[in-house]
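Two complexes come next, and they have one chain in common, chain A, joined by chain B in the first and chain C in the second.
Now for the complex of A and B:
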């Protein structure tokens, strides 16, 4: 157990050195902030951007506050996934390249402890960044549109946090089996985009897939339907545990 | 358009952007070896909004991160 705590501390120190603790929350906050702002000023932006014929009358429906928050989440589905993948991709593969992984494995720590400590450290940074951004966009939505019951926001935030954690676990697992950072990024981005497209095509067949969590998070905001939510959460947690153990095995086997 | 409201809303965005750019520049100054010339990174960080600093933090440093 002491080895595990030391490893977690080492991971946090590494994140502070690479300034990840600073830039990841800021990037998330900026990404989520722009959504309520652009939706609120959409009419003015369209007018300034030109392209509208003289005298055209624009009737923009004002989106409800729930729809604004849902659109924040759908923006995170594309850009946020990309940022998480890029931020986490090099955790294991870089250590293997510069030899520090081999050094750590000579110490009395198991590979599961190594993978677990990385997951805990990176996952907590990513989830806290997401929560910062989400709460900030909630604040803006309340100012610009109208208030939403905080309970709904919290529910969707928890569901989406689990989804963020799942992305982190996936990226760390692929970081353990692949060596090139580019390959890790491409594999993960393809995996998540294919899974979410498949989820929208075969919604009944894949209703328990982890990518459906983001849809569930949006649904809790808009119409509070929780069809298939428990199944999704269970499947995601089971997959996360399996990927953790598989990642630990991969670290053991690829010991150079 | 209500201008005072707009300014009040934009101030946090500008502050966040500034923190990001300043952190990236300080980190660049303290890095001994970068991928590519340093003056190019200064331009990238300053002129590519949001994407520039991220790209620097991930691909800019050589040595510790390969």
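Now for the complex of A and C:
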């Protein structure tokens, strides 16, 4: 246990020294903040830069506050995944490549502890960054549009946090099996985009897929339908545990 | 405690890197692993430290589950978390090795002083030179007082002063720790090693105590005469100077014939002696294709 805590502390110290604990929340806040702002000022933005002919009349339907929050999440589905992948991808591969992993592997520490400590540290930083951004966009949505019941926001936030955690676990697993960071990034981005496209095409067949979590998070905001939510959560958690063990095994087999 | 390796082999992509290696490390011995580049020394050390899995053979130290508690390892090119300081790094690895906090802080002082890094203990590793990293690597390897120390070329990146310091550290450790280290600096190996393992093409081709190996009867003799030596077509000879040569004999008979021949030719012999063996001559003979 002490070994695990030591490893987790080292991960946090590394994230502090590399300023990841600062830039990751800021990036998330910027990504989420733009959504309520652009939606609110859409008319002005189009008037200023759109080159519309003189005298044209614009009629923008004002989106509901729930729709704004849902659009924040859909924004994160593309850009957010990319940012998480970039922030986490090198966590094991770099240490193995440059040889610093050697000093951990020749100590009495299990590979599960190594992968677990990275998951805990990276996962918590990513989830907290997401929560910071999400709450900020909630604040602006309430100011610019109307209030949403906090319970709905919290529910969608928790569901989406689990999705973020799942992305982190996937990236850490690929970091354990692949050497090149470019490959890790491409594999993960392809994986998540293909899975979410497939999820919308074969919605019944893939209704428990982890990428459906983001749809569930949006649904809790808009129509509160929870069809398939429990299944998705269960499948995601089981997959995360499997990937954790598989990652540990990969660290064991591909040591140097 | 002794450490056995039996019939250990490793094949990478159909290439035999370590081939049927067997040896034994006795407690408190300092063993030098020497051999040309590509002989498999690094692979062997990584197998012994558990960094490379193996399928064939046996390493008997592994009978204990937590055997990593008892080993220290210095890789050939140590690379650290550049954002850490030596103090932080040693605390980190010491805790991973389950060291007691009091003991750990005392040992950190000790190894930092021993490796001459106490002044930079709070500086980031980022700015360190190769030699400083090598010392820090040694510091982390000896921090938890392991029973077995594996060092992969501990002196290759160091200047003569640093090399001397590391050799001193190693000689001091010899009393408590069993050391196995690979090196190209044969002179150093001759100075502090008790035993030698000579490796070539993945095989241990020669092993024994240093004295044993160096006292192995050489079949090469140096012969020197007062005047120039005449042609000696009957013998395998390597002329060094007109009046000095190395002659190798296949048998004692041949040696007798040679001396008889000298008498017959009326050569004024000044000296005739077995060539003195050094690790270097041994190494050169062994790695000759």
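As a convention for this text, the second predicted complex is superposed on the first by the 256 of 256 C-alpha atoms of A that agree within 3 Å, B and C clash if a C-alpha of one lies under 4 Å from a C-alpha of the other, contacts with A are read in each partner's own complex, and residues count from 1 in each chain.
Note that a residue touches a chain if its C-beta (ideal position, glycine included) is under 8 Å from a C-beta of that chain, and two chains touch if they have at least 3 such contacts.
Keep in mind it's a predicted model, so treat the numbers as computed, not measured.
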- If you stack the two complexes on chain A, which partner ends up touching A:86: first (chain B), second (chain C), both, or neither? first
- Message: With both complexes overlaid on chain A, does A:108 touch chain B (first), chain C (second), both or neither?
- Response: second
- Query: Of the two partner chains, chain B (first) and chain C (second), which one does A:253 touch, if any: first, second, both, or neither?
  - Reply: second
- Go through the superposed model and pick first if A:22 touches only chain B, second if only chain C, both, or neither. first
- Message: On the A-aligned overlay, A:6 touches which partner chain: chain B = first, chain C = second, or both, or neither?
- Response: second
- First (chain B), second (chain C), both or neither: which does A:98 touch? both
- What is the shared patch of chain A, the residues that chain B and chain C both contact? 17-18, 98
- Item | Interface residues, chain B side, partner chain A - complex | 1, 6, 9, 12-13, 16-17, 19-20, 23-24, 27, 50, 53-54, 57-58, 61, 64-66
- Show which residues of chain A lie in contact with chain C when the two form their complex. 2-3, 6-7, 10, 13-14, 17-18, 98-100, 102-109, 252-253, 255-256
- Complex contact set, residues of chain C against chain A: 46, 49-53, 66, 68-69, 71-73, 75, 77-81, 83-84, 88, 92-93, 95-98, 140
- Message: Under the definition above, what is the set of chain A residues touching chain B in their complex?
- Response: 17-20, 22-23, 26-27, 29-31, 33-34, 37, 41, 44, 83, 86-87, 90, 94, 97-98, 136, 140, 143-144
